[in-house]
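Following are the structures in question.
Two complexes come next, and they have one chain in common, chain A, joined by chain B in the first and chain C in the second.
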Partner chain A sequence: MLKISADKLNSLFDAISAKQTLYITVDNEKGSAEYKKYESGMTLSKSLNTVRSAKDFFFPQTENLADFKVEGKNIEVIDVREESEDFVVFGVRACDARSFTILDKVFLSEPVDSYYKNRREHSTIITMACTKPAETCFCTAFGMDPTVPEGDVAVFSDGENYFFLERTEKGKKFIASISDMLEDGDTAKLNEVQEKARNIMKKLPLANLSTKSFGGERLMKHFNSEKWAELSESCLGCGTCTFVCPTCQCYDIRDFNTGHGIKRFRCWDSCMYSDFTKMAHGNSRNSQLERFRQRFMHKLVYFPANNNGEFGCVGCGRCLSKCPVSMNIVKVMKALEDKE
Partner chain B sequence: MNNDTLIPLIGVVTDIRQDTPDVKTFRVNAIEGGKVFEHMPGQCAMLSIPGVGEGMFSITSSPTNKEFMEFSIKKCGCLTTWLHAMDVGQQITIRGPYGNYFPVETDLKGKDLLFIAGGIGLAPLRSVINYVRDNRANYGDVQIIYGSRSKDDLVDYQEIIDEWQADPNIKVNLTIDREQEGWDGHVGFVPNYVKELNPSTNKTVLVCGPPIMIKFTLAGLKELGFTETQVYTTMELRMKCGVGKCGRCNIGNKYVCKDGPVFRFDQLGELPDEY
Partner chain C sequence: MQEAMIKRAKELLADGTVNRVIGWKKGEFFYDATPAVFRTAEELDRQFIFDDFTQANVSKYLVKESRKDGKILAFLKPCDTYSFNQLVKEHRIIRENVYVVGVPGGPKLDIEKIKAKGITGVLSVKNENYTLKIETLYGTEEMPFYEAISGKCESCKSKKHVAYDELIGEDGEVLESNRFDMVEKLENMTAEERFNFWQNELSKCIRCNACRNVCPACTCENCVFDNPKSGVDNKAPADSFEEKMFHIIRAFHVAGRCTDCGECSRVCPQNIPLHLLNRKFIKDINSLYGEYQAGADTTTKAPLNDYNTDDCEPSIVHERGVE
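Entry: the complex of A and B
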């Protein structure tokens, strides 16, 4: 497999960023990882994953959908869309890479969301294989192998080298474009690293989490479960879980009057919020129990019902580490699973 | 880049009719005249006043009307208050059509039809009623049971009197909730009136109105011997995108904007009761 030695990684980043915008994972001053536009001298984060997911690249927290000019009784609609620049994202983990295929099922189904599609088409995703999964990780429950992630190119580290594996046509072109910096490498040590990672995964606290109790055919059974009252009792409705979640994609559309015209924005929203379904005549989900249930039912039952059994969770574990009251999808799954 | 459904078109309000104290019917045309887009009975459109908001409204005119679209809108929130403040000539943004429609070309064809509406619930059914009137040979008996709080709250009263009641091929039964001077028609709630009228159970029913009215009407119909597979309704939930992506109108694995708004009661029975 083609590789580059670890000490030359930054010169590779320099070369890539000379041609197109490159985002890598870096550690911020607080020591947590985030995606940053690469500038010479930045170093790739050693953290397992970023605090925020990678969905921002395709579904940003806010974006301008259209502008309006209003003059007297007349309205002019201004299409503000621009062709996205080509960009590379380096360091995406298997869970986030899988989240893109879940988001694709929403945004690329008819009618296609042109805003999302535009950025998706102009991106090259370079994933990074996991070597030290965390105790909050459970991507394997959803059928992923984080030691061989999806994406356009998968990158593997054996500590001394980074190996490059093409996963798509786009990835093949990308590797070709940097091939003069790569050399053939011996993967013996890499295989050891992968084997070690797989062994860690088998011993993780959530290694045996099962999805077999979930799916579209359990719709009314799970909806009517008595467990929701206890599960949702401590939920603050803060929406943190939806914001850090790589697959949560509910959105709001709002107008903002700048004084010189009106800008229409799309913003992330959360089904955990009390006004999400509030109408002039009432609210279809009045209690936090109903709103809490909606979020988990959507990921574990409704989404698979419409997508051939695929779940709307990738097991990244962000909600496990970020929920202020320590409630999360794993606790929900364990409470609702069939006990026989 | 291709057109995106989230980028709206422009419509011009060419006529405004004060139907009831809190319902106005707006006629909307494209800037160059004619309709902004075609639709089927029961489908909806997103209307917006930029800077105020956007909302989903059922298209109350029939697709057989080739000149314009109409929307009957009740003043009940922020956007609808702004819409009610509009004058003729005002432009609005419009996108659609969204959702499914009453199966006028398939399941309803050849059937005896019973329309049951309460208050502003007539708005989506009016599209179907006029579609049926314009394609009268394709359907059997047509009966309309419509009720409101008072005579003044009957939407499209003039059209009901002048056209529907005058049509020998349609039976119209009106009712209002309480006695009122100048009203010699039926008095009483819609669900009870339906039971009194005891319609034949071979009819296919299309019902729309306030949730409580729908609930009691359905129960009454069942008492009369109707089954859930004979009864259609149309739903309303908060919406932002109109195409099943923003997540707001999700009930179970269905999206009201995309899989609805028209549902048969046996289909609703398979979904969580979150509407």
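Entry: the complex of A and C
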């Protein structure tokens, strides 16, 4: 397999970023990782994953959709979209890479969201295989192999080298564009590292988490479960789980009055919020129990019902780490699953 | 301590003093307890937990719980009792519907601080003579206990319970804390440095509202930021001014009522030191109106709700605003 030695990784980043915008994962001063636009001298994060997910690249927290210029009785609608430039994201984990497939199902099915599509088409996703999963990881429950992630190119590290595997046509082109910096490498040590990682996967505390009690056909059983009252009791109704989640894709569209016109923008919204999908008649879900239930039913029941059984969770574990009251999808699944 | 608490809760349930207990429920791992209401002795035995990681302040839940039928037993740490008192003072908690059992406070540990050291796959933590022995999927790690202490416990203001019906364990004292050190540091910066500090921190905000929703001083039924009729409602900052507006307005709104419980910074997914805004207000109130600790009692008038002839004049703003 083609590889580059670890000490040359930064020169590879320099070469990529000379041609197009490159984003890599970096550690911040507080010890957590985030995606940053690469500038010479930055080093790739050693953390397993970023606090904010990679969905930001395609579905940013806020985005201007259109401007309305008002002059007397005339309203001019201005399309504020700019054609996205090609960009590369390096260091995406298997869970986040899978989240793009899930987001695509929402944004790229008719009617296609052209804002999302524009960015998606201009991206090249370089994933990074996991070697040290955390105790909060459960992507295998959703059918992923984090040792061989999806994306356009998958990158594997054996500690000394980074190996490159093409996964799509786009990935093939990308590897061709950097091939002068790569050389053939022996994968013996890499195979060992992967074997070790797979063994760890089996020992993860959540390795036995199962989705077999969930899916579209379980709608009424789960919807009517008495467990929601207890599960939602401590929920603060904040949007942390929603906003760190790589697959949560709900948004609100608002108009901002600039004084001489209107800026129409969209921003992330959360089904945990009291004014989510508020309409003329009021709120469709009046209690936190209903809002809480909605979020988990969407991921575990409604989404698979509408998408050939695919679940709306990728097992990244962000909600496990970040919920202020430590309530999360794993606790919900364990409470609702069929008891033998 | 956990055993004594479960035992006492069972007694109070059995003799009819209370019909519910609020505390913390065991999580999936050792560090992810969830605030919970227990209704039976069996539930307490099976799920109740109180240890180094039970950080959450359960006072705010009592706004709703104290309006339900029957009395609820609330286990409160010293810092939680300040929030409790403040909520009683604001008529948000119905005092007679709560039976408060004071329990010892921290220092509590923060799993994020352990993970920030690069320690991953954490399975268990043991405190041996103030060294943490951490079992992970990748072997055993060690780190000093004090480096894993929760941010809110690092500058603990009091070990004293300011409200309780009974105590388990000894009561402590109000402490001399170092909690204004960082505020002073910020005060000593130039306006530009300070602006840059906050710009850098607040630009990380994802407006998840965790700080607001966890805050015991934020108990409005409908927050202005959620109310379309308020004219300032927003779910995301439209520009970098609005980024700061949410947090600064919130800090103003809780000024004089914030007890410095530290929950805002604890829950922030982006680790923004939000408590520093509140501490600046506390420090200013102390220096301009005399020492005042919100939640220390339920009777004294709060400086910003009171008028005295020796109150500072509004011109103080100009005097202090000079660089």
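The working rule: the second predicted complex is superposed on the first by the 338 of 340 C-alpha atoms of A that agree within 3 Å, B and C clash if a C-alpha of one lies under 4 Å from a C-alpha of the other, contacts with A are read in each partner's own complex, and residues count from 1 in each chain.
The rule we apply is simple: contacts are C-beta pairs under 8 Å (C-beta built on N, C-alpha and C of every residue); 3 or more make two chains touch, one makes a residue touch a chain.
These numbers come from a predicted model, not from an experiment.
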Fit-or-clash call for chain B and chain C when the two complexes are aligned on chain A: fit
First, second, both or neither for A:322, with chain B first and chain C second: second
Contacts of A:118 with chain B and chain C, given as first, second, both or neither: first
Touched partner set for A:269, first chain B, second chain C, both or neither: both
Touched partner set for A:331, first chain B, second chain C, both or neither: second
Partner chain in contact with A:250 - chain B first, chain C second, else both or neither: first
Partner chain in contact with A:277 - chain B first, chain C second, else both or neither: first
Which superposed partner A:234 touches (first chain B, second chain C, both, neither): second
Touched partner set for A:135, first chain B, second chain C, both or neither: second
Inter-centroid angle chain B-chain A-chain C after superposition on A [Cα, multiple of 10°]: 90
Chain B and chain C, minimum CA distance [Å, superposed model]: 8
On chain A, the residue positions that both chain B and chain C contact, one per complex: 252, 254, 269, 278
Residue numbers on chain A that touch chain C, as the complex places them: 30-32, 46-48, 51-52, 61-62, 132-136, 200, 203-206, 230, 233-234, 236-240, 242-244, 252, 254, 256, 263, 265, 267-270, 273-275, 278, 320-322, 324-328, 330-331, 334
Residue ranges of chain B touching chain A (in the complex, touch as defined): 1-10, 48, 50-54, 76-78, 80, 87, 89-93, 236-238, 240-241, 243-253, 270, 272, 274-275
Chain C - residues contacting chain A, complex: 27-29, 32-37, 56, 61, 112, 115-118, 120-123, 137-138, 206-210, 212-214, 222, 226, 228, 233-238, 263, 266-267, 269-271
Sites on chain A touched by chain B in the complex: 65-66, 68, 70, 73-77, 79, 81, 83, 106-107, 109, 111-115, 118, 216, 219-220, 223, 249-255, 257, 262, 264, 266, 269, 271, 276-281, 284-285, 290, 294, 298, 301-303, 305-306
